[in-house]
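The data blocks that follow each hold one structure.
In the two complexes below, chain A is the common chain; its partner is chain B in one and chain C in the other.
Coming up: the complex of A and B.
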């Protein structure tokens, strides 16, 4: 693998997909407005939950906002990269255009995971960071290097877990051809990530930690943010992320052996 | 001596196909209990292709031409047998192998829909690790050969099918592949666009000595590009050899319409021993075997008073069509 070549190709991906998106200015504007309204709606919903109770699952409203901030960043990443690319896999397989990807001298997973970007997702990422900065102030969090490093490690792990889950489901299209529903189920599970894990019952907590690790995606980075996370949890998230990433990679390579291409 | 660049031995491919009965009952049954069966779409085929050759794959819809092409370029794993393309096992899709080949499908496109083709060319150039200067040079050369210029800067969605196909070709050839797999490249194009594309492929083959494997339902593509054809029928090869030999075998006689000066001459000709197809007044149609056409015509012109004559070749589509639809046709 030649990193220089991959960087060059990625720069081209960025350039072409930005140029493609900018062809439709109104669409971008609508996406931007949707992102702002969606964040306002989520915060409003969260405030309703906390109106009667001072805290839910041991989390105060100001602390729960951190989870919302992380969720917004991850949702922005989903909308910027995962949504435009990983939903395309289904189309590639159904229409047989994956043929063109597989015949390029470049890693096919890299190509189909990063070819497109949706620039309006950047606003969500920025809004998420703004919310986190606001949370730093209201929760009087002390910023230092180890805090920042741990926070970014857990966020990167969350992105890897989220990506792997989505990519894994999309890969099954090679056998099942249509998997939109499974992706929708995954997206709806992600909405749960806006709330602290402790606010759910014990059985749901187990489900969202073991089977669909939504808990790792937002709660652990939030705990790191508040200085509440234990080291074992961070290590566990790193291990889970590595296992998910490796498995999704191996699964893709395995699935390609069953790719039969679409008929002409 | 020219090397074999493609070597296929005892190749077979099976797919699991599910079938469904019609109606609601059939749909429900299909949903809960899917009936699948293994279908052998390619059956024990072998062939070799030399470097620089242009080979046409002929066959009816579903005969297996595209499956063969997709196995040759490494998209589909073969169930049995072996394939060597340019010394590589295609399904391993090694980087150097992929840099040597290209696949063009008339019904599918790789260009970015909302952007001018030039953007897709530079993207492909970076994927094939070409520097900007080299990419620019190749785009210039190929666009001259393809006779496209302004179209390079117009969004793909606004180009005509012919212009789009030319751009697809340019995108697929920017890395100078040695082997071209073309799956119905002229599909949907008008007559002029088809002719231009064929001219380009001939020129490209001549200049680069690239090997071309082509499938097409337009016989003109095959006759003007391919000296050799491989006929595929229900997954097996029914003929592999020169196209003109195939045509001679399938159509050993020519029909000649002779217009005699008088009806008496026509009657004289009718009784002279030639195989007569029909006779209307002074016009008579006779059948002559291909190998005796010159001598027969000489005899007719010397012994009869002829006003005019027309040699009718049976349309090639008709001849090939007979092979494609009749599995028992003896080639």
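Coming up: the complex of A and C.
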């Protein structure tokens, strides 16, 4: 492992994929409008939920907006990095081009998870941050250093969990070849992350924290944001993120043993 | 003679596509699972007693969301994604030579997929009834027949809209991003996530003039036995089909004139 080499390779990745994506400028504009409409739509949905109730699962409307903000940021990250790269794995395996990736003198997981970038996701990330700043104002949160560090730790853990989930499903392609729809299933489950965990019934809450830890992804960072979170929850999220990252790494190396190129 | 040959064409197309779709059973099962978002929404509604404000009982609401799930299952359209791939790969050229509009092929593909999907949707509904035994009901035959027709009309509207978008592939290379943009209002306004009856007044005043509530809300209300205007719904569905069909015809004939195969 040589971090400088990887950094250098990554800047090259950035350069090439940005250059090719910027060919489709109107596409980026349309994606921006899509992101804005999607945010408006989910706030609209939230306002329907709150039109007669003051709170849902103990969350007020202003507080639930924080979850939307964090969801938007994470969704932007998914669209920028995870989605374009990990759907590429499916193509690599189907066409047998994974051979070329494996032959390169660079870590294969690094290569396939960071090769491409979709700049339209940046706009979504910015949109999410704007919403968060707005939430800071309406919820009268005073920023201090310890709060900021805790928030960033939990957000990074969420990104790690999200990445592992995506990578985990994409890895199964090695056996099943076409897992495009498994990714759709994951996407539809992730949709739950837009709402506070407490608004679901007990059994679903268990399901979404044990089997698919969507609960950790948005609810805990939002709680930290409001200054409500207990220390054990943050520690638990760090542990879950670490477990997910190492498992997905191990799973990838395990799956590679079963990779038998195309047409062989 | 002529009707005989048309019949043969239809049957052959369906047979080919059905056997093709059966190859991808697992994919279609996964796709069916990815449509369970309405059930999560139902969970939020009933768990927070949100339905009290819109005067729909728990049972009626759960039937509504189950029907919304069904209507969505049988009105999913992805023609733009297939067409985009085919036109980028140059596969459209041989289709254009055949004495059959390529969209019939895609249409048969969708119908075959719905037939394949049917058992999986039934299994999911079966599990739904295990968890919500009080919401079991048997709609009478007339209602069932009408709602199947309205679901088909909803499918037809979406198919026409997407075909129009797909024809834009003749001018731009990435028409699917326009489809993703159009999907956002479909998602939030069609009644998949919340029944249109619960929308605030300022939306209800204009939404019935758009095609969206007739895509899921109207057929789902009809099937689940919630109040809806049967005559108004059907006439709006038919009106939209009559409006969209000439647009499709026009854009198709303009597009094929514009079409130049890749590499020519």
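Methods note: the second predicted complex is superposed on the first by the 263 of 264 C-alpha atoms of A that agree within 3 Å, B and C clash if a C-alpha of one lies under 4 Å from a C-alpha of the other, contacts with A are read in each partner's own complex, and residues count from 1 in each chain.
Following the convention adopted for this analysis, a contact is a pair of C-beta atoms (placed from the backbone, for glycine too) under 8 Å apart; a residue touches a chain by one contact, two chains touch by 3 or more.
This one's a predicted model, so the numbers in the text were calculated from it and none came from an experiment.
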Three-chain arrangement built on chain A, chain B and chain C clash or fit: fit
Touching partner for A:44 - first (chain B), second (chain C), both, neither: second
Contacts of A:102 with chain B and chain C, given as first, second, both or neither: first
Residue contacts with chain A in the superposition, chain B compared against chain C: C
Chain B versus chain C as contact partner of A:33, first or second or both or neither: second
First (chain B), second (chain C), both or neither touched by A:192: second
Touched partner set for A:19, first chain B, second chain C, both or neither: first
First, second, both or neither for A:5, with chain B first and chain C second: first
Partner chain in contact with A:260 - chain B first, chain C second, else both or neither: first
Shortest CA-CA distance between chain B and chain C [superposed frame, angstrom]: 6
Doubly contacted chain A residues - partners chain C and chain B: 24
Parts of chain B lying in touch with chain A, wherever the complex brings them together: 15, 66, 70, 73-77, 93, 95-96, 98-99, 101-103, 105, 107-110, 112-115, 119-120, 122-124, 126-129, 155, 183-184
Of all residues in chain C, those that touch chain A in their complex: 24, 26-28, 30-31, 33-37, 40, 43-44, 46-50, 52-53, 172-174, 177-178, 180-181, 184-185, 187-188, 193-194, 198-200, 203
Residue ranges of chain A touching chain C (in the complex, touch as defined): 24, 26-27, 30-31, 33-34, 37-38, 41-42, 44-45, 47-49, 51-53, 56-57, 176, 178, 180-182, 184-185, 187-188, 191-192, 195, 199-201, 204
Touch list for chain A against partner chain B, complex: 2, 5, 8-9, 11-13, 15-16, 19-20, 23-24, 95-97, 99-100, 102-106, 257, 259-261, 263-264
